[in-house]
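The structures considered in this document are given below.
Two complexes follow with chain A in common, the first pairing it with chain B and the second with chain C.
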Partner chain A sequence: MIYDTVIVGKGPAGVSAAIYLARANLRVLVIGKGYGALEGASVIENYYGFSEPIDARILHENGMKQAKRLGAEILEDEVIDISQNYEDGSFSVSTPNEKFLAKSVLLATGKARKNLKIPGFMDFLGKGISFCAICDGFFFKGKRIGVIGSGDYAAHEAQELVRFSKDITIFTNGKEAESDKFPPEVKFVKDKILKISGEDKVEKIETELNNYQIDGIFVAEGTAGAGDFALKLGIVTKDDNILVDSGYMTNIPGIFAAGDCIGGLLQIAKAVSDGANVSISIKSYLKNKNGKGK
Partner chain B sequence: MIYDTVIVGKGPAGVSAAIYLARANLRVLVIGKGYGALEGASVIENYYGFSEPIDARILHENGMKQAKRLGAEILEDEVIDISQNYEDGSFSVSTPNEKFLAKSVLLATGKARKNLKIPGFMDFLGKGISFCAICDGFFFKGKRIGVIGSGDYAAHEAQELVRFSKDITIFTNGKEAESDKFPPEVKFVKDKILKISGEDKVEKIETELNNYQIDGIFVAEGTAGAGDFALKLGIVTKDDNILVDSGYMTNIPGIFAAGDCIGGLLQIAKAVSDGANVSISIKSYLKNKNGKGK
Partner chain C sequence: MIMAVIEITKQNYEKEVIESDKTVLLDFWAPWCAPCRAASPIVEELSNDESLNIKVCKVNVDDEPEIAYNYGIVSIPTFVVVKGGSMVAKKVGLQSLESLKELVGAE
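What follows is the complex of A and B.
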């Protein structure tokens, strides 16, 4: 079974696209955790059509009910990987427990990654700090690797990294390990990170209880965002925004992006409109693709 | 008293812009008649945020209440003229009974004019048929002029035309004259128009009861649309859409356009997003303008 579109993110952009695509009788799956762009906004009063301020969570629930009523499937889960199957050009979208096949993918994960607020973090970006195990794991072959994170996404990155090194430490930064998918060979450091230090490049992670010699750090906190997938898939970004053409398609045919992750006005109105617009473009992409018998 | 922005049209684009501008503490007036883009749509199910299909009129009412609650003024009336005051660059926006001053104008009148479904109409477009008395009245100096229309907009066009000719006939095309603003010197023909005819250019209007020799026809049916204002003000259009820059400004500084009248996806989602986007641009325009002490 293959979906016409798997949408990553269930904020206003993703769900608006799902509404349009489901209404066009396409098979759509939305996967997301949390509230997307509605996270943080408690009460909304500038989105057209509501005479009284509306609670962000109610708007979010309304949108999901609306999409489901029209035939979209919605899965409350975290996407930890997206990859392309080169035989047929289809895509695999993975959650910690399942893998879904799709003819097209829409990234609607909201505004990209938050940088870590740890002293030294900004100084060593690109100097031993990476956001993508598949991209950069090779550079740390046989070295001491730290992964900052505690959930499924961190576990997934660690699984990639054990192919390159057996010396992997998960720094949960004060949290408990929240995934059962960590490879057995990793060590855990669970106290808070105080500082990342080194001369020209990362050399050490200092925590409340100890110091750890480290050659490279992979950041995998929270949920993977559009920026993380972009890195892995080779999608072109600019200023932390995913670059799309006038049809909201990225440089990889079949992968689209909409909402806050492509920049522009960070407003529900704009995200919803992106969702409507990208659906037209996805429909036309799928039509051409099917037309060519692929 | 001068408004920061007068918005022409109270569909989703105009009212969404009003919501944002009013929230930014600007003095905003929305003038419009009817339902804008919501006219015709009876039930809406693809605009994000409503778990059940919503009646177009209710959405419209909700939007207006929302804008009013945030401080926008809304006037249920028809805009019949927009002109620029060259001394200070401000704009005058006229209804049949009032004139409002504005620092900026937003055209959000929805999709442009409907062409008349009268045999011969398309054949003589540009060959004696005009949509703008101010633009083309001069060419019919002392000639026999027909105005097709019955309301305030037709009356306003007739007022312009009496400066050029005393031989003006209002063809109401089966309707009663619905304005008390027609100049006293005009004649009325109230039966249905059957055909517009001529050799190379308009020569005759044939109605159910009679034929009338006519040199030029001005179409002013219904409410003036963005296309009509564009013509009068010299705003550049393309394929019946108003051309705007990335900040939704037309070629005339201070006049903006949003929603269906600028083309693109003719959907509520897109109109609402246009409204949000144009408001940012208007705010920045007004700030620069005030900064320069104008």
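What follows is the complex of A and C.
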């Protein structure tokens, strides 16, 4: 079974696209946790058609009901990995427990990039701090690796990294480990990170209680966002936004992006508009790909 | 004329990179790295732009770990600009064509 489109993120951009694609009779799956930037807004009073302020949660729930009624599937879960299958160009979208096949993917996860607010973090990007275990684990064979994160996404990165080194420490940065999928050989440090330091590359993570000698740090805090997937798939970004063409397609054919992760106005109206527009492009992409239309 | 992207090995490194009279762009990559594969058409397009008057090269870090180590590569793709045998600029991560053009123009 292969979906026409798997949409990552169930905010207004993702769900709007799902509504249009489902109405076009395409097989659509939306995967996401929570409802993104809307969670920060309790009431919305600048969205067209509501004479009184509307509760953000109600707007979100109505959107999901609408998409479901029209035939879209919605899954409350976290996407930890997206990869392309080189034989046929299809995509695999993984959650901690399942894997879904798709002909196209829409990234609608909200703001693309999250840099950590830890002193030293920005200084060591590309000098021992990486966002991609599968790309850069190779450079830390047999070395001391730190993973910053605590959930399923961090566990997924740790699973990639144990192929390269057995010396892996998970820095949860003040949280409890929230996944049961961490490899058995990893160690945990649960106090807060104060600083990342070194000469010209990463050498040390300093926490509230101790200092740890570390050669490479992999960042996997929270859930993976569009920026993380962009790095792993090779999607071009600019100023921390996903770069798309006029049809909302990234440089990788079949992968589209919409909503806050492509930048511009961070508003529901714009996200909904992106969702409608990208659905038109996805439909025409699938039609050309299938050769005979749908 | 279409300029090919040159594969760098230990054997041709001195001649093609260090002794080059043109500015050299080194693309550090590996076959198992998806963003590196995505960079490939962008790097090729750059090599076809004659107006830039540069030499575009690729280094497979799997085959040439020593060259990668010498440039301090710990993340791929990484792009390095070499002028007169010395590294003058370095950028980590997949770049747009515009960003690579900017990088090779850097002093």
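Keep this in mind: the second predicted complex is superposed on the first by the 291 of 294 C-alpha atoms of A that agree within 3 Å, B and C clash if a C-alpha of one lies under 4 Å from a C-alpha of the other, contacts with A are read in each partner's own complex, and residues count from 1 in each chain.
Basically, contacts are C-beta pairs under 8 Å (C-beta built on N, C-alpha and C of every residue); 3 or more make two chains touch, one makes a residue touch a chain.
Worth saying up front: this structure is predicted, and the values here are computed from it rather than measured.
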Please determine, from the superposition on chain A, whether chain B and chain C clash or fit. fit
Could you work out the angle between chain B and chain C as seen from chain A, using CA centres and rounding to the nearest 10 degrees? 100
In the overlaid three-chain picture, which partner chain does A:N277 touch, first (chain B) or second (chain C), both, or neither? first
Once the structures are superposed on A, label A:S197 by its partner contacts, choosing first (chain B), second (chain C), both or neither. neither
If we overlay the two complexes on their shared chain A, which of chain B and chain C does A:Q159 touch? Say first, second, both or neither. neither
When the two structures are laid over each other on chain A, which of chain B and chain C touches more residues of chain A? B
Report for A:T207: first if it touches chain B alone, second if chain C alone, otherwise both or neither. neither
Considering only the touch criterion stated at the top, classify A:S130 as touching first (chain B), second (chain C), both, or neither. second
Between chain B (first) and chain C (second), which, if any, makes contact with A:T95: first, second, both or neither? neither
Give one of first, second, both or neither to describe whether A:S83 is in contact with chain B, with chain C, with both, or with none. second
Tell me, in angstrom, the smallest C-alpha to C-alpha distance between chain B and chain C in the overlaid model? 20
Chain A residues where the chain B and chain C footprints coincide none
If we count contacts the way the header does, which residues on chain A are in touch with chain C in the complex? 83-84, 125-128, 130, 132, 134-136, 138-140, 200-201, 216, 231-238, 243, 251-252
Can you list the residues on chain C that touch chain A in the complex? 30, 32-39, 42, 61-62, 72-76, 78, 92-96, 99
Provide the residue numbers of chain B that touch chain A in the complex, in ascending order. 12, 15-16, 19-20, 23, 45-52, 54, 59, 61-63, 65-66, 69-70, 264-265, 267-270, 272-277, 280
